[in-house]
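So that you can tell them apart, the chains are marked A, B, C and D in the order they are listed, and the count of residues begins at 1 in each.
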Amino acid sequence: MLKQMEGSHAVAEAVALCRPEVICAYPISPQTHIVEGVGEMVKAGKITNCEFINVESEFAAMSVAIGSSATGARTYTATASQGLLFMVEAVYNASGLGLPIVMTVANRAIGAPINIWNDHSDSISQRDSGWIQLFAETNQEALDLHIQAFKLAEELSLPVMVCMDGFILTHAYERVDIPTQEQVDAFLPPYEPRQVLDTHAPVSIGAMVGPEAFTEVRYLAHEKQMQALDLIPKLAGEFKTIFGRDSGGLVRPYRTEDAETIVIAMGSVLGTIKDTVDEMRDAGVKIGVLGVISFRPFPLDAVREAIKHAKRVVVLEKTFAVGIGGILATDVRTSFFGFGIQIESYTVIAGLGGRPITKASLHELFEKAGRDDLPRLTFLDLDWKVVNKQLERERKMRRSGPAAENILRDVSSTAAHLG
Amino acid sequence: MFEVRIHGRGGQGVVTAAEMLSIAAFEEAHHAQAFPSFGSERTGAPVVAFCRIAEKEIRLREPIMEPDALIIQDPTLLQSVDVFSGLKKDGFILINTKSTFEELGLADYVRDWPADRLCTLAATDLGLKHVGRPMPNVPLLAGFAALSGVIKLESVIMAINAKFSGKVAAGNIAGATEAFELVRARIESARKEAAHA
Amino acid sequence: MPNKPFAITLNPGSSLANLTGSWRTERPVYVDRLPPCNNTCPAGEDIQGWLFHAESGNYEKAWQHLTRDNPFPAIMGRVCYHSCEGACNRGQLDAPVGINSVERFLGDEAIKRGWKLATPEVESGKHVLIVGAGPSGMSAAYHLRRLGHRVTVIEAGPLLGGMMRFGIPKYRLPRDVLDAEMNRVVDMGVKVELNTKVDDILATMKEGKFDAAFLAVGAHIAKRAFIPSGEVSKIVDAVSVLRSMEGEDKPMLGRRVIVYGGGNTAIDVARTAKRMGAEPIIVYRRTRDKMPAHDFEIEEAMQEGVMIRWLSTIKKAGDTSITIEKMELDSAGFPQPTGQFETLEADSVVLALGQDVDLGLLDNVPGLEVAEGVVQVDANMMTGHAGVFAGGDMVPTERNITIGVGHGKKAARNIDAWLRGTTYVAPPKHQVATFEKLNTWYYTDAPKTVRPMLDIIRRQSTFDEVQGGLDESTALFEARRCLSCGNCFECDNCYGVCPDNAVIKLGPGKRFEFNYDYCKGCGMCAAECPCGAINMVPENN
Amino acid sequence: MSFQPVKFYQTGTFTVGNRLLVPEERSVQANMERTNSLNSGHRACQGCGEALGARYAIDAAMHATNNQLIAANATGCLEVFSTPYPETSWQIPWMHSLFGNAPAVATGIAAAIKIKRQKGLKDDVRVVAQGGDGGTTDIGFGCLSGMFERNDDVLYICYDNGGYMNTGVQRSSATPPAARTATTMPVGQQPGNVFGQGKFMPAIAMAHEIPYVATATVADLRDLEHKVKKAMTFRGARYIHILVPCPLGWGAASQDTIKLSRLAKETGTFPVFEAEYGELTNSSKIRRVLPVEEYLRPQKRFAHLFGKTPAVATLVRLQALADKNIRKYQLLDKEAN
């Protein structure tokens, strides 16, 4: 059923349709509307047989999820940014224990400086945590990925993070197609745990493992993610059969057939990029887009297959590995390194801390890339004046003061007018 | 694609207005995308919300920098915020005020504007009158429907019903209807004046 | 566990594969120690053993256990001086367990309920002569009978009991109680010949074709002291007074009775006189704490109105008075005359200065040795003449009923062995369970139960029994005050406190075992064993 | 005594068992068929108070729940020594997640059980969480407070040995004043742990006004079992704080574990009591009051107080703390003393 609603609410609806049994969350922008939504549905009896727990921290949220999942309950939580970092220890624990928890991450930057706006630093910081990470391009996809995530998680006994851009998606009202309960039930069977705390068949879960077996345990986690590379497209196929639309999968190519330049990105920015690409295509530029949906496991084969005929890739990512550069870009390069494929690759850091990524900037960027006139590492719309001013200040003064506050002062003349 | 930017202050229902606008457009089978300025603005702080309306899927995620229309929920913002930034030439401007454009000191800015694209509306009073609260957003939305013709009053009413229920919905519908009629009357008289001119 | 995630999920209790016993440098072992009460009992009773059954409320079993060693619990419960209680470790905690009172309760229960002593399963065909039906002789009769021997007791007096009857007033030992326990032994098939004096032991043995003899003649002959006296002075001995109390003609002592001596017999006679309406005064040459009589008896006597003149000797007895000289203790604690005299009115003087045994029957026994008025016996209680054994007052020992009963048992075992051509060897004694071996924290605070005492007025005028018995609840309480020193009483502490679950509980009455596969040797079981029944010993490498 | 003591029996209710009691009145630990929830083969040190306390508590909880029990365990000695790969000593469904999250994990388990019950699970499965004092009073404090505040149906058991023994005897906020640890060495102006720091978790638990709070020691099994069983009669958050001596960390002989627990109680150093909904309801009275020295002297962690020049002032302060406990928690039986 088509509805015009907020992304957060759409996700809440999707979670509700998945018949969750335990939901726990601690509020953090921009995740709040999701948990407010599911919380209200539980309280109102719209979601039955479900316990909604207001916990005292994200660390507790993930911990409660660990407990309930290990006891065989379908478990959901959501977080963002600092919240994700606050629960990190438990995040690793959940995946290490193989507990099929589904968690929405309403992607937001990580401080300091504190910043509530969107980028992907939070999820990406957990790329090695052993969680599956799926990135939604639209609210429709966010909704659909949650349904797929429960099935994926439970089949593999691995937790899944559904990543959606904070504010840009979570707070955007747009058209979504809400599936029926019958459709979801047909797709998602009840949770059959692989391991469970059961008084009639007691087991010890979470024992200490020493050097004699730890590598094997870690390898098996990797092996499961490799299985996910097969399972994710399979589930997307099943999903299409029941729901009638393409959603999920590993990667999503757009106009890449004969593209000389392929832009690779994740999340909602793909829409702006596609609009830009369409305009450039209209102008005769051979450019395409590859959206990465599954960041973990990273679909090396699928990415390579999609880009192998291109001359160059421009990896545009909303995250930044300080001291080296791109993260998604590094993974993309791994996909073709050693395969005898000659592709130029450019890393573009964009949209950090909610900086708008505009078509105008993208046009300029892609045109430069098309001329191979782009530095290997580019910061989109970086205000060099501000940066240089601060660097100058630091060169001159020992006590140059806090950088972020200086920069804010420097840019304050332009800070007020737009969001 | 038709792009609307709504300016106001925290607590004035700016974001709700954008959302309702998107719902109204959706009810008319358009694609619509509403989103706030993604801030953690508190009551009283300047707030911006956006709404795009189109006939196909809206993929664009950048803020609206060159709006087709502006709704200004609080005229005091005119002093502090560059609300007109990027406004397309001859774009729609609806301002919540008892004053005129001239009284607001905007005579120069709108000198070349078509008169039927400009309107002021004492929306706060309408909110007080019909809902009992100084909420200008719904009357402005209805006024915007009348001003721009992008959506119908019926769609605004549907959006009201999607967001509110009971007495509040009824009050809002009454306020919306009155606002719609007020603005339509003004636009029509403006057009007549323009035709006479 | 193929279906569970590798290494993450483990099967329950699988740590049993890890034998932590290899960590141990010391190992606990269960031991049995000798409780001090048992160690002290002259009758060799397994006091802790029978208390164990009494604790459960199984009084008949307790009585059966008790009478394995001593057939006279009702008597013991009245006249035994219960050295066991003096040794009782509980005495260092609050007050000793009232062993004596529980014993009396069991004895009285047995009489009340008619419990029978065990009879032998096989007859040996041997015949043993016992001379004297006192505590020692009747005890021996009982034990020998139990062992399957024919027994004939020859008693010079008219009734069974010996000194139990003629030396102990009935207010301490009612005669129905005495009779009941004597007759119970007779009922086992012991032959008794009363009013028969054995003049020549070997002749009697030969005549009766006895295979062995046990001599258990009591000390009935009073020791005399020279007191210058007038002709009409009435001077009698305590044994005669007490004996005559059992007959028809009660002794005529007058109103003012002087009792001379400081032993239990002196007290008995004074208290008896009091009950006959006299005003007895005990004259004793030393101080109270030097008095051989038991303090509780002195106390009871004084409560009843018996006067005592400490540090006094009788110098002269007249018709209606006596002269006493005051004494003082020298530095060595011996009384010395002071030359100060005093006159006391006296209708009679009763001498309670100790007794001797009539050894006339032994005159012609080859090898038998007599010294200082008593028969010499070896460690097996046999005299120098093979087959003739002796015990009780006849042999060198402290004289009391319990010792006599103990001699009877010991003699019986040795006679039995001798009859079988062997020598009785007592099982080795365990190390004594001393107080510091215990962890007394675990015992409930429970002060001793006080036995009821007869009203003082009735004590002064009647021969009713002075000390009452316990009822069932108080007896049970008292029994349960036992600490079970040195022997496991299945409190489950070791089983509970082992952090490694390395103690195996074998079930009621079966105690525990250590599981050395897992015992790490921490020693907690030993430290927390209330009764000291666990020892830590070094592991031998 | 917080439970009805058995009177006039050889050992009353002080020992683990008592053959004279009817079976229903006997302790769980006396039972031949006791669960041994924490089985043999674990790697706890000799004389480990925590191993003992855990078996006591969990067996009692198993008994009280008809074996329908799931446990969440914080990281710490108990977790490490009980689950040495590839073995586990636990015979119950047991889960270890992290150091600081056992209360939250237990909340999750309880939530899952609640839903399973709604969906038809017949068994009334109950949940315990357990951890050491570090996992409870320090790193797990937030989660514990959250669990209390929500009144989740979890019994949390803290095994308090007064420090981070698992990592080599460092100070925790439950380390007693003056005690030596690897991070509070007996040097300087104020040797050992400083006075005035640390927290007494049971009082904090009481401040949450949860249904039931109790303290116990491994020296009084019947009392401990009674409290665990009683805790299981409540729904909602419950907290039991058990003092468990650590021979290694306290510098005590392995066989003295129970003795030290006893002395902690008898000196008033560790108050043993119960509270319901924030109010003190019962105190286990001291049987024979002893000076704190009796408790401190056998422990090497306090050895610096008894050197050539005894730290009299410190001892006086420690005695004052014990005296305060005696007053505050009404540890003396007015009739008996």
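We take it that contacts are C-beta pairs under 8 Å (C-beta built on N, C-alpha and C of every residue); 3 or more make two chains touch, one makes a residue touch a chain.
Because the structure is a prediction, the values reported are computed rather than measured.
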Most centrally placed chain - per-chain CA mean versus overall CA mean | D
Centre-of-Cα separation between chain D and chain A, whole angstrom | 44
Could you tell me the distance, in whole angstrom, between the mean C-alpha positions of chain C and chain D?
-> 50
Chain B-chain C separation of Cα centroids, rounded to whole Å = 113
Between chain B and chain D, tell me the centre distance in angstrom, where each centre is the average of that chain's C-alpha atoms.
-> 65
For chain A, residues that touch 2 or more chains besides their own = 97, 202-207, 209, 213
So which stretches of chain C touch two or more other chains?
-> 7, 10-12
Note: chain B residues in touch with at least two other chains are none
Draw the chains as dots and join the ones that touch; what shape do you get: line, ring, star, complete or other?
-> other
The chain pairs that touch are A-B, A-C, A-D, C-D
Can you name the residues of chain C that touch chain A in the complex?
-> 3-12
Could you pull out which chain C residues touch chain D in their complex?
-> 7, 10-20, 23, 55-56, 441-446, 476-477, 480-484, 489-493, 495-502, 505, 507-508, 515, 517-518, 520-524, 526-528, 530, 536
Residue ranges of chain B in contact with chain A within the complex = 15, 18-19, 22-23, 25-27, 31-40, 46, 48, 58-63, 65, 80-82, 85, 162
What part of chain A is in contact with chain D in the complex they form?
-> 21-22, 24, 49-51, 53-57, 59-73, 75, 89-90, 93, 97, 197-210, 212-213
Okay, in this complex, where on chain A does chain B touch?
-> 2, 4, 6, 29-30, 116-118, 138, 165-168, 171-175, 268-272, 274-275, 354, 356-359, 416-419
